[in-house]
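In what comes next, chain A is part of two complexes: it sits with chain B in the first one and with chain C in the second one.
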Partner chain A sequence: MPDLSAMLEHLPAFWGGFLVTAEISVLSIIGSFIVGLIVALMRVSEAKAARLFALCYVDVFRNIPFLVLIFFAYYGLPEVGVYIDAFWTGCLALSIAVGAYVTETLRAGIVNIDKGIIEVAKSFGFGRIKLYTKIILPIAITSSIRPLGSVFINLILTTSILSAITLGELTSASKIIASTTFRPFEVYVFLVIFYGALTFALSALIATWHKHLNRYNEV
Partner chain B sequence: MIEIKDLHKNFDDLEVLKGVDLTIRPAEVISILGGSGSGKSTMLRCINGLEEISSGSVVVDGLDVTKKDELKAVRKKCATVFQQFDLYPHLKVIENITLAPVQVLGVSKTDATNKARALLESVGLGDKADVYPAQLSGGQKQRVGICRALAVGPDYILLDEVTSSLDPEMTAEVLEILKNLANDGMTMISVTHEIEFAREISNRIVFLDQGKILCDLPTADFFSADGGMADPRIAKFLSKMGTGS
Partner chain C sequence: MYGDDGFTIFDLQLWAEGLGISAWVFITSSILGLLFGVLIGLIRYYRISVLGKILMLISEFLKNSPVLVQLFLVYFGIPALLMIDLSPVEAAIITLSGNTAAFIAVIVISSIDAIDKKQLEAARSFAMSEWQILKLIIYPQSLAFAMPMLVGLAINQLQVTSLVSVIGVVDLTRVGDIVNLRTFEPFIVWPVIGATYFVLAKMIGIAGSKLENRFNRYKRVTNI
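On to the complex of A and B.
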């Protein structure tokens, strides 16, 4: 019979893995947002070379399986003298791979802005930087916040794949507990609860932020 | 002074402006009339470089709009009020008005806010400073649009069919404000379908037809039987608009 109480003595091990997953998720969300923002700006840039680079980046990283990407970075790169530990390999790989999805989400937010609003700003003499920081990005981020939330929740779930490069995150910790206790049912119930806690927290945060950012749409 | 000489504008194969010559002196109020597709909005948009001109010249107070660095200065002199209001949706009414003065002209936030509040008071929206555009009616939005244009202290105001999206009641409230501005000596170039309004506030009426100026006359002459009305194209246009006598 399943006995969930048997997991209580393993809570510290779960907790250790949970902290690693939480830490790598937060860092990668920030990283992927920065990468996505920069590439999205290149994607809508007037410079053809920047647009082409951004398009290639998005196409490449949306078409590589994440597992292959981290194997390449963790096991392949040391062969050419580049060694990055599992934690930072995970962070970088997630930032770059998820950054491609952030790029497309933000791009959609940017191109959907009413052209009239941009024209008004231009007619008042706004330069490119102020046009983006004061008008385009605040509106684009506001309209993209929900889809961005989905992208970031997916990012949290994808961290489980990092167990494949020996990172001691939540899934990795659970596998070890399962192999020592022979209670996979109870272990994976706990695992689901821990992931659920993280994604639920992010969902709640996104919902609050969405409401705050969209306060101007309330009539 | 705004000097437009032999202005041509093409959109691919379509020639929208076919050699327009027009001079607008300070304190003049000019209404540009014409049917749909006559090129009147395009001409207005050429003045502040929202449309790149194909050939000819547009010079505002000696500044050439085709030169990038001079266009910047032109845009500081000419403020536009648009048909669809196009207020910044994410900013409160007061921030909509202060954004350009603070960010583009370098006015201090306090000064810009004080001026914006005074402008809002003058158009009867003193109590709407801290609401968002979505909470305003069309007429109120357009009044904010006018305040936003005035806040940069422009020498010229370009009005691009500013009442076309408004119902008659809201139109009246916006036109009243523009009338006051004209009386105060503001130079205005107004593309409009409001014939009566054009007649009431303009010194001159310019009639565009198929990308060319068909006539450019003082308002009284334009509406007189032996002036603009003598041209069958104009007489037909005015009769269709339910005006002209």
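On to the complex of A and C.
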């Protein structure tokens, strides 16, 4: 019979795994946003080489499984003399891989800006940098909070794959709990519900935030 | 590639076997997922009992939790609960079919909703049966509407198949892991594996856009 009480005494281990997941998620969200922002600017720039690079980057990282990328990073980085642990390898790989999705989302936000607004800003004598920092990026980012939110929620779910390179995050911790309690069914059902609840809560928060930021755009 | 020290001609054979397993897992779970997903979507659309709501709730959790955890649940959890034996490949196909079905059910519902309701009313007033409406009106239009989403899902699910290597299925990624641990050549092994997935994804994309054109053909004849 399913019995969840067996899990109670292992809650501290579960919580410890959750903290690692939370930590790596926050760092990778920041990292992938920075990577995605830079590449998105290259993607819409006038230099052909930059555009081509950005296009290839997005194409490659959206079509290769994350597990392959993480194995490549985990075994490849020490070969070229970069010695970092599983945590930072995961952070780096997540930032670069998810950066491709952030790029596409931000690009859509930039391309969809009303051309009139940019014309007006230019006629007021805005320079290139000011045009981007004061007009284009604020509009592009606020209007893509919701799609960016789903990209980042996917990132949180993807951190589970880091258990394959021995990082002690939520999924790894649960795996250990499952093998010590001999109750894998209960542990993994609990984990599925936990991830699901986390996702629902975060997407509700993001939806509210999106509405708040875009409250003047609704006519 | 096998001219290098550690590589042998057998690695190429291993690669081909891994490719076969990946393709088998992908194709079977896509077909099963499509069947179950359409079934769930239709049960929900026609509001057949409370079953539709329960299935959609389960789908939500399958869509919003990591596939890796679902794989562990099926491979380690279900055999422990029901006292049965599951091979890694069976567990992989069950999990991925369920996961694909969850996404397909949502695509089915949204593509049926995208059809102009007046068409359905007109069809009912011509006394067409529900089956005729489904076959002649809903099916062709919602399929054309759903095609881009289905192609995107297929490309995504191809990448998800790589996770089955974690429960011991010797797929393309697992082959990469085995060869990498033997030869210590990550800069040859992983780019080759990555490129294989890339080419497969592109092939699905090309086939998908051909199908999209095929299913959108009905739009062109309307103005004759």
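Brief remarks on what is shown
One rule holds for everything that comes next: the second predicted complex is superposed on the first by the 212 of 219 C-alpha atoms of A that agree within 3 Å, B and C clash if a C-alpha of one lies under 4 Å from a C-alpha of the other, contacts with A are read in each partner's own complex, and residues count from 1 in each chain.
Here is the rule we use: a residue touches a chain if its C-beta (ideal position, glycine included) is under 8 Å from a C-beta of that chain, and two chains touch if they have at least 3 such contacts.
Remember, it's a predicted structure, so these values are computed and weren't measured experimentally.
After superposition onto chain A, partners chain B and chain C are found to sit side by side with no clash. Applying the stated contact rule after C-alpha superposition, one finds that A:Phe200 touches chain C and leaves chain B untouched.
Once the two complexes are overlaid on the shared chain, A:Asn217 sits against chain B while remaining clear of chain C. With both structures placed on the common chain, the touch criterion links A:Tyr75 to chain C but leaves chain B unconnected.
Residue contacts after overlaying the shared chain place A:Lys175 against chain C, while chain B stays out of touching range. By the touch criterion stated above, A:His10 is placed in contact with neither chain B nor chain C.
Set against each other, chain B and chain C differ in how many residues of chain A they touch, and the higher count belongs to C. When the two structures are aligned on the shared chain, A:Phe185 is found in touch with chain C, with no touch to chain B. With both structures placed on the common chain, the touch criterion links A:Thr142 to chain B but leaves chain C unconnected.
Once both complexes are placed on a shared chain A, the shortest Cα to Cα gap between chain B and chain C comes to 29 Å. Common to the chain B-facing and chain C-facing surfaces of chain A is no residue whatsoever.
Against chain A, the residues of chain C that register as touching in their complex are 60-61, 64-66, 68-70, 72-73, 76-78, 80-81, 155, 159-163, 165-166, 173, 176-177, 180, 184, 186-187, 190-191, 193-194, 197-198, 201-202.
By the touch criterion given at the top, residues 114, 116-117, 119-126, 130, 134-135, 138-139, 142, 215-219 of chain A touch chain B in their complex. Listing the residues of chain B that touch chain A in their complex gives 48, 50, 72, 75-76, 78-80, 82, 84, 86-92, 99-100, 103-104, 132-135, 152.
Chain A meets chain C in the complex at residues 2, 60, 63-69, 71-72, 75-76, 79, 153, 157-158, 160-161, 163-164, 171, 174-175, 178, 182-189, 191-193, 195-196, 199-200.
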